[in-house]
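One chain, chain A, appears in both complexes that follow, with chain B as partner in the first and chain C in the second.
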Partner chain A sequence: MNRLLPLVCAYLSHHPIKSSVLLGCLTLTLYLPFTLYGLGARMQSALTERASQTPLLIGMRGSQLDLVLHGLYHRPETPGRLPQAVLETVRQGGIAKAIPLFNAHSAKGYPVVASSLDYFAWRQLSLAEGSLPMRLGDCVLGARVARELGLGPGDRLLTDTREFFDLAGRYPLKMRITGILAPSNPADDAAVLVDLRTGWLIEGIGHGHDLLDDNTEDGTLLEIRNGTYVGSPAVREFTEVTADNLSRFHFHGDPALFPLTAIIAWPGDERAETLLLGRFIADDSPYMAVRPLDVVRDLFERLLPIKRLLGIQNAFLAVVVFSLMTLVVSLSLRLRRDEFQTMQYMGCSRGTITLLWLSELSLLLLGALLLAIAAAAVTVWFGSEWLRLMIG
Partner chain B sequence: MKRLTHSLFIALFIAAMVTFTACERRQSHAADTGFSVYVVNYPLYYFATRIGGDQVSVFFPAPGEVDPAEWIPEDRIIQRYQAADLIILNGADYAGWIKLVTLPESALVDASANIQDRLIEENELIHHSHGPHGEHTHGGTAFTVWLDPTLALEQARSIKMALSSALPQYAEQFEQRFIQLMEDLLALDSSIKAAVGNNAARPVFVSHPVYQYLEARYQLNAVSFHWEPDEMPTDAEWNELAHVLETHPARWMIWEDEPLPEIAARLQAAGVASVVFNPTFQSPAAGDFLSAMQANAEALKLVYQD
Partner chain C sequence: MKIAINDLVYAYPKGEFTLRLPAMRWPRGSRIALIGASGSGKTTLLRLLSGITLAGRGSVLLDDVDLTALSDAKRRALRIQSMGFVFQEFRLLEYLSAQENIRLPYRLHGSLAWDDEAEKRRQGLMERAGINPLRLRKVGRLSTGERQRVAVCRALIASPRLILADEPTANLDRENKRRVQSLLFAESQRCGASLIVATHDRELLDAFDSVIHIGDESKGGIA
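On to the complex of A and B.
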């Protein structure tokens, strides 16, 4: 074998075009299924990793997938808004801990995710710079948002206006950036994280304005009705929370009705989980509780036929390439008939000639396998980041 | 061929590692060396210190010269609250700044959560301003819960339960210290009851609407004003006093702090003497919550036993 190998290498290098074509065909045949399998595995891992860290998601009854994508990946689609009172239903009896989420607005196109400080601990988010939000109007940027906008602690970020031509609508809020998150996961890297009350401030439930009292003399006080000071539209509303005007901010309405878009819940044990699910299981309940991992697994099961189709496609491709290769090899054998005959005249046995030919083919196959694995690994490496960004 | 097979195996192994390595970033938390408790007023500081003993460090960072109910902490103080293991709130809408800053929900403990049905709702909302700290509001839910020692006891019980839940290894010590505090608070309740005696119906004035729980507990017949001890009332306010005196012949006005001598003199001229009942928003100049409240009980003797 050791004596044959130099001959095999000499032959392959003497016919570079033919060897390259064969190597390329084989590599491509192997590359495609390897890459698809790798990307599929990576996507499944990315989706299930975050889902498995989130025991339960609670939201309005509707599409479970929308709720999971919204609660886990900050997607804007949501089955609807639920009142904050549901949070107490979840926590009732101390059977579960719960983190509220209100994700209904954006800033420079990035989702503004309003939650409690517990969200940072729950997702194990750490700060690369600055500090956590401290007061109303503060925000923390995900690593990607900070990088792409070129902003840092101390800078300001304006929320997006939803209704551009609604001149009487809510003002965008100029948020103070207090910190930048260290890179963690694509969903949080691409989000602007704020306190729940800041989310409600952006929503317009809360606001801050000049004081209206008995001493107001600039014409902005219209009347005092049942002890309530009614101001005119000319009352100056604050578009930014500062240390000086912080105390002027307040919320209107019943806090129990303030909106959330999802609740992350984690029950203490299996019994608590059953009890909690029981609170939302009734058909007439406007809310639902889902296990994100079940929803993601269900999604993959639904995608299984597509995966099978891809497998069949790969098999067809392999058959085509194999047929082509058989043709190329048989033509090559015919072309090399005189060469093999000369070798026989020189005393080479038929077995040695067959072994020589098989060695050439094996070397090509091995080379193709290695190249395909390396190319697939590189593609999966970069492609999975792209996939995670796409999911996140 | 062997070498090739070997190379192939290594290549496959590397590819598999590259492809299937999952990013698992679980971290273990090192044991904390201390347990920090932050509170929003002095009575809670006193209760937490009494119950927590050496096992916890209690912090009440409001500057001594401000009313903690109207205070808004600066960023560096908020960060300290955020880093606390427990943040004990008074409840009853006390310290409005809680709604304006970001605190970890899981660390919050409402000391009045178990006495919601005993909280006093006020119909009238009064905005006014005085001193260097601007306008403020009275109304909504009365918040000086601790002025009723039996409610103070319930607040202390909430603190004990929160500490025992967070540090179960010290639950027994917390329980023992709570029992001592309970005895002190019940003794205080008896002292105030004794000071008031059977004269609870005697008409009195209170300078500020902060004594609602004291009035409710001991059924005091009090009319409340909005006077500040360091601000001479306006003529309209003096007229209002004279008017109220016609139907409510009080001989004493209970103050949060020593009134200006000229205010006390003018009141005295109207037949109303002044006495101080310190609501203990802040740490007393001497002694502690209990001694200040015992001094308050002594002051009430003047009102009800003269």
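On to the complex of A and C.
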């Protein structure tokens, strides 16, 4: 074989166009299934990894997938809002720890995820600079958000207006950035994390404005009704929480009814998990508890027929390419008839000539295999990042 | 190599011509010239002697081994190990350099080992043929005369016991013709090889032990 290799290499390099076309066709045939398989595997692994870190998710009854994508990847779609009181239902009896999530708003297009400080510890998020939110109106930026917006601790970030033409709508909140998270996972890297109360402030449940009391003389005090001071629309509402106006911020309504979009729960043991699931299993319950890992696995099982279909398509493609290759090779053999005849005249055995020819094909196949693996690895590397960014 | 032919008859496939060769014996180291008009059968005789083509009747014995009785694989092995063939149309591989073409027999057969001695022989042959400076050049970029000399060197590289050359000097000028002739004669002498040359060049004939006229029975030839 070694003695034939220089002949093989010399022939291939002497016909660069033919060799490149054959190499290209083979590479493409191998690249497509490799890449699809690689991307599928990476996506499955990424989804499964995060799902396996989240034992249970509780939300409004509806699409389980929406709830999982919302709770795990901060996707905006959610089956609905549930009252904060459900948090107590989860914690009841001390069978499970629970982290509330309220993710209904955005800032510069990035989701604003309101939660408790437990979220940082549970997701093992660490700060690259600055500090965690210290007061109402503070936020921490995910690594990607900070990089793409060019913001850092001390800067301000305005939340997005939900409805541009709704004049009665809430003002956007100018948040103070207290810290930047170290890169961790694509979902949290692309999120703005705030305290739950700040989330509700953005929602409009809480607000801050000029003090209205007996000494108000600028005409903004309309009346005092049953001891309640009623202000006119001219009362100045604060769009930013500062040290000076912090005490003027307050919330209206029953805290038990303040909204959440999901609750992350992890029961102490299997029995606790069964008990917790039992609390939400009733058909008439407006809430549901799901195991994210089961939902993700179910999703991939549903995708399996598509994967098989792609496999069949790849097989057809391979048949077409190999048929074309056979045609090219047979034409090439005809063109090389004189050359092989010369070898026979010189006394070369049929086996050696066949080996020479097979070596050429093998070398092309090997080259194509290496190229396809390299190209697929690059695609999977960048493609999986892109996929992960897409899903969260 | 000792050569014997026993009443060979070869009919061309289209049936227009039949080559008949009576019994002939040539001792080891013979130098034989084959002359005759174009199409008289000189190339066919060289092919019959090398076993590339098999006669319909009769036999060819090389060192008492009946070539016609050997299997195709054994004839091929005998050819690459013991014979050097200069083809009329050179039959060089375009994608190889001059020196790689010369080394080709060693690439094609495992029993031939390329060692320092072979490399020295390659260098010596190319120098004597006047083509050593061109050794790295692809043969497609060589002139006809240079290609012909590469073909001669390839036939001689494995120190064959039988050298068969079909018009080896046809495309050469006087100087190179002399070079190739002396190369063929010197190498055949060094290896103790028999040399059979088909040629139109009558200037060369004096150097041969015997001259066989093919296709002209009036001049004592054979048809």
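Keep in mind that, in the parts below, the second predicted complex is superposed on the first by the 392 of 392 C-alpha atoms of A that agree within 3 Å, B and C clash if a C-alpha of one lies under 4 Å from a C-alpha of the other, contacts with A are read in each partner's own complex, and residues count from 1 in each chain.
As a working rule, a contact is a pair of C-beta atoms (placed from the backbone, for glycine too) under 8 Å apart; a residue touches a chain by one contact, two chains touch by 3 or more.
Given the structure is predicted, the values throughout are model-derived calculations rather than measurements.
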Identify the partner contact of A:373: answer first if only chain B is touched, second if only chain C is, both if each is, neither if none is.
first
Just checking: does A:352 make contact with chain B only, chain C only, both, or neither of them? Give me first, second, both or neither.
second
Just to be sure I read the superposition right, which of the two partners does A:342 touch: chain B = first, chain C = second, or both, or neither?
second
Between chain B and chain C, point out the one touching more chain A residues.
B
Output check: A:131 vs chain B and chain C. Expected answer is one of first, second, both, neither. What do you get?
first
Which holds for A:10: it touches chain B only (first), chain C only (second), both, or neither?
second
First (chain B), second (chain C), both or neither: which does A:252 touch?
neither
First (chain B), second (chain C), both or neither: which does A:334 touch?
neither
Mind sorting out which residues of chain A both chain B and chain C touch, each in its own complex?
none
Seen from chain C, its contact residues with chain A in the complex are 50, 52, 73, 75-81, 83, 85, 87, 91, 93-96, 100, 104-110, 114, 138
Spell out the part of chain A that touches chain B in their complex, as residue ranges.
1, 38, 41-42, 45, 49, 97, 116-118, 121, 124, 131-136, 138, 195, 197, 211, 213, 227, 243, 246-247, 249, 251, 362-363, 366, 369-370, 373-374, 376-377, 380-381
In their complex, what parts of chain B are in touch with chain A?
1, 4, 7-8, 11-12, 14-15, 18-20, 22-23, 25-27, 72, 74-75, 78-79, 82, 96-97, 99-106, 124-125, 127, 134-135
Residues of chain A that touch chain C when the two form their complex
3-4, 6-7, 10-11, 13-15, 338-339, 342-350, 352
